[in-house]
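The following blocks contain the structures, represented as structure tokens.
Shared chain: chain A. Partners: chain B in the first complex, chain C in the second.
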Partner chain A sequence: MFNARITLPPQAKPGEIVEIKVLVRHPMDRGGQSDGRGGTVPRKILNRMTATYAGAEIFRIDMNTGVAANPFVSFMTRAIETGDILFEWREDGGATYTRTARLTVA
Partner chain B sequence: MSFPISPRSRRSDGPSRRQVVAGAASGLALAALAPVAARAETLVDFVRRVTDGVAPVEGGVKLEIPALVENGNSVDVHVAIESPMTEASYVRWIHLIAEKNPFPDMARLHLSPRAGRAEVATTLRLAQSQTVAAVVAHSDGRYAIATAPVVVTLSACIDGG
Partner chain C sequence: MTGALRLPALLLALLALTGLAWAGDVVSGSTFLSPELRRQQDDPSRNPAWFWVDQGTELFVRKPAGGEACLGCHGDPVATLRGAATRYPQVDAASSKLLNLEGRIEQCRVERQHEPAFGYESPELLALTAYVASLSRGLPMSVRTDGPARPFYDAGKAFFERRQGQLNLSCQQCHDGLVGQKLRGDTISNGAGTGYPAYRLEWNTVGSLHRRLRACALGVRATQFDYGSPEYLALELYLAARAKGLPVETPALRR
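For the complex of A and B:
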């Protein structure tokens, strides 16, 4: 069920500030709803996303149930060098997902 | 202080409907309600919890959120902060609070000087019409805040089951 769409400019000048947009498909179940059999659904959300680029963490979001299903996040970063930006999500229950997006600096 | 984004950060419960009805039935409604009315957490309390008691100042934070949304399930929010974003002075984090959500702490976004510009956007769930606050922690220890009232016509917390 996990799917991420990462949007960044195809090319950036050194030192330019670029916007990175991330749209994830995830139900972000906040828990507590009826499961139709007398019980309740456990909470299962993505509780953290980190972005790592050029050797350091550039952005992190800690999420609680107040973040919408299929969450969207956008943030800025300064283009330093051509390289992969590594995105990592942590889900309730311990599962992790990773994706990369390449930023070309010229 | 426990980390605010955790299951333990749930607001303290008021009286349940069952307790109120039982109290009224036994003729003790006033006695049962009195201690509860004395303690209802407000936005100020939630803000104080994330700033470790420091009162944040207004200004320098632009919180953009629609004043009226039809559906609380996904509300776009955009936060921009005046900050040079250098090693000497940058925004450490932005904490989003919805006073009347079951879990008022919605998200915390951590930035670094490499962001270049302190500007973020995300999507939130809002349980009802309320005031949304963005608390900003600067690297020099200052805290700033911006609040915005939001009217929600259909809440995010309707249980379909």
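For the complex of A and C:
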């Protein structure tokens, strides 16, 4: 089951560089293990995460099978205006998950 | 704060230098984490075990088809269930069986909610156990070892002290005698178990204390008992009694 913990500073000044911490619950199944019936388990990982803020993509990471389960990502961005940061994950097989977090700039 | 953290580290360094046997009190498994891992454990934005607590919080309020939600009886769990985990394992008065927190939750689910049991080590039971245990964070362990619990305590103590497996080791030889020394890449702890269910890096997931005990048994090539077996329940009681006074740390991070 997918879940995400997104941690932002409670408030930021205009122009301030802020750290955004993202922890995700996902097994990041690399695939290839036996399924016990003669076949193998298919790969099922989150292969991309993007973050969009103030109309622009501010962060993107492509993940591969070497990334551990429940990956943690942290990145910096410049606080421009109060608004939602939209996070989107793309999973093998085409499913996508989205979360938003509000950055307050004052 | 740094002073308090520095002392165990200094003690460990001293032990490593002299190769002395552990002579101190039982300490938490967190003592043996690297400073970086301890910071990750203590930061909810970086400790993935909190996902299981979140899931448990949701399960606690969800109404099953056949009966009442947990919340129906345990209203305001943050107050009413605070400290509950410190008293487990305990002897169930009705059945005279030893129950740990997992066993009590399963019993509640089957007898009061009239739902099929989750099954030991299922994600749902781990989540609910982690949630209920997390309500006792910081409170000292205080299991009862007298009265009806006495025979279980004695059985657990005997299990801890008995040599077992192909390597012919007892739990005591490492977890009393060689604490602070290295076993392959890891540091031997007292086996306090106060952080379980814990997120173990080796598992990439949250697991129960019994899963950890089974991993220990595999390591010394001894019989792996079943999840929730009488042997492990008795041992869990003995470990909890050894850890008396140590704070509950669920959901902890362990290597």
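The rule is short, and it goes like this: the second predicted complex is superposed on the first by the 106 of 106 C-alpha atoms of A that agree within 3 Å, B and C clash if a C-alpha of one lies under 4 Å from a C-alpha of the other, contacts with A are read in each partner's own complex, and residues count from 1 in each chain.
Assume a residue touches a chain if its C-beta (ideal position, glycine included) is under 8 Å from a C-beta of that chain, and two chains touch if they have at least 3 such contacts.
Here the structure is a predicted model, which is why all the values come from computation and not from measurement.
After superposition on chain A, the partners chain B and chain C are accommodated together without colliding. In the superposition on chain A, A:75 contacts chain B only, with no contact to chain C. Taking the C-alpha centre of chain A as the apex, the lines running to the C-alpha centres of chain B and chain C meet at 90 degrees, rounded to a multiple of 10. In the superposition on chain A, A:1 contacts chain C only, with no contact to chain B. By the document's definition of touching, of the two partners only chain C reaches A:25; chain B does not. Residue contacts after overlaying the shared chain place A:65 against chain B, while chain C stays out of touching range. In the superposition on chain A, A:95 contacts neither chain B nor chain C. Between chain B and chain C, it is B that contacts the larger number of residues in chain A.
After superposing the two complexes on their shared chain, the closest approach between C-alpha atoms of chain B and chain C is 5 Å.
Within chain A, the residues touching chain B in one complex and chain C in the other are 68-70, 72. Chain contact summary for the complex, chain A toward chain C: residues 1, 3, 5, 7, 21, 23, 25, 27, 68-70, 72. Partner chain A is touched in their complex by these residues of chain C: 44-46, 48, 50-51, 54-55, 123, 204-205. For chain A in complex with chain B, the residues that touch the partner chain are 17, 19, 30, 32-36, 41, 43, 47, 53, 56-78, 80. Within the complex formed with chain A, the residues of chain B that make contact are 5-7, 9, 73-76, 96, 98, 101-112, 114-126, 156, 159-161.
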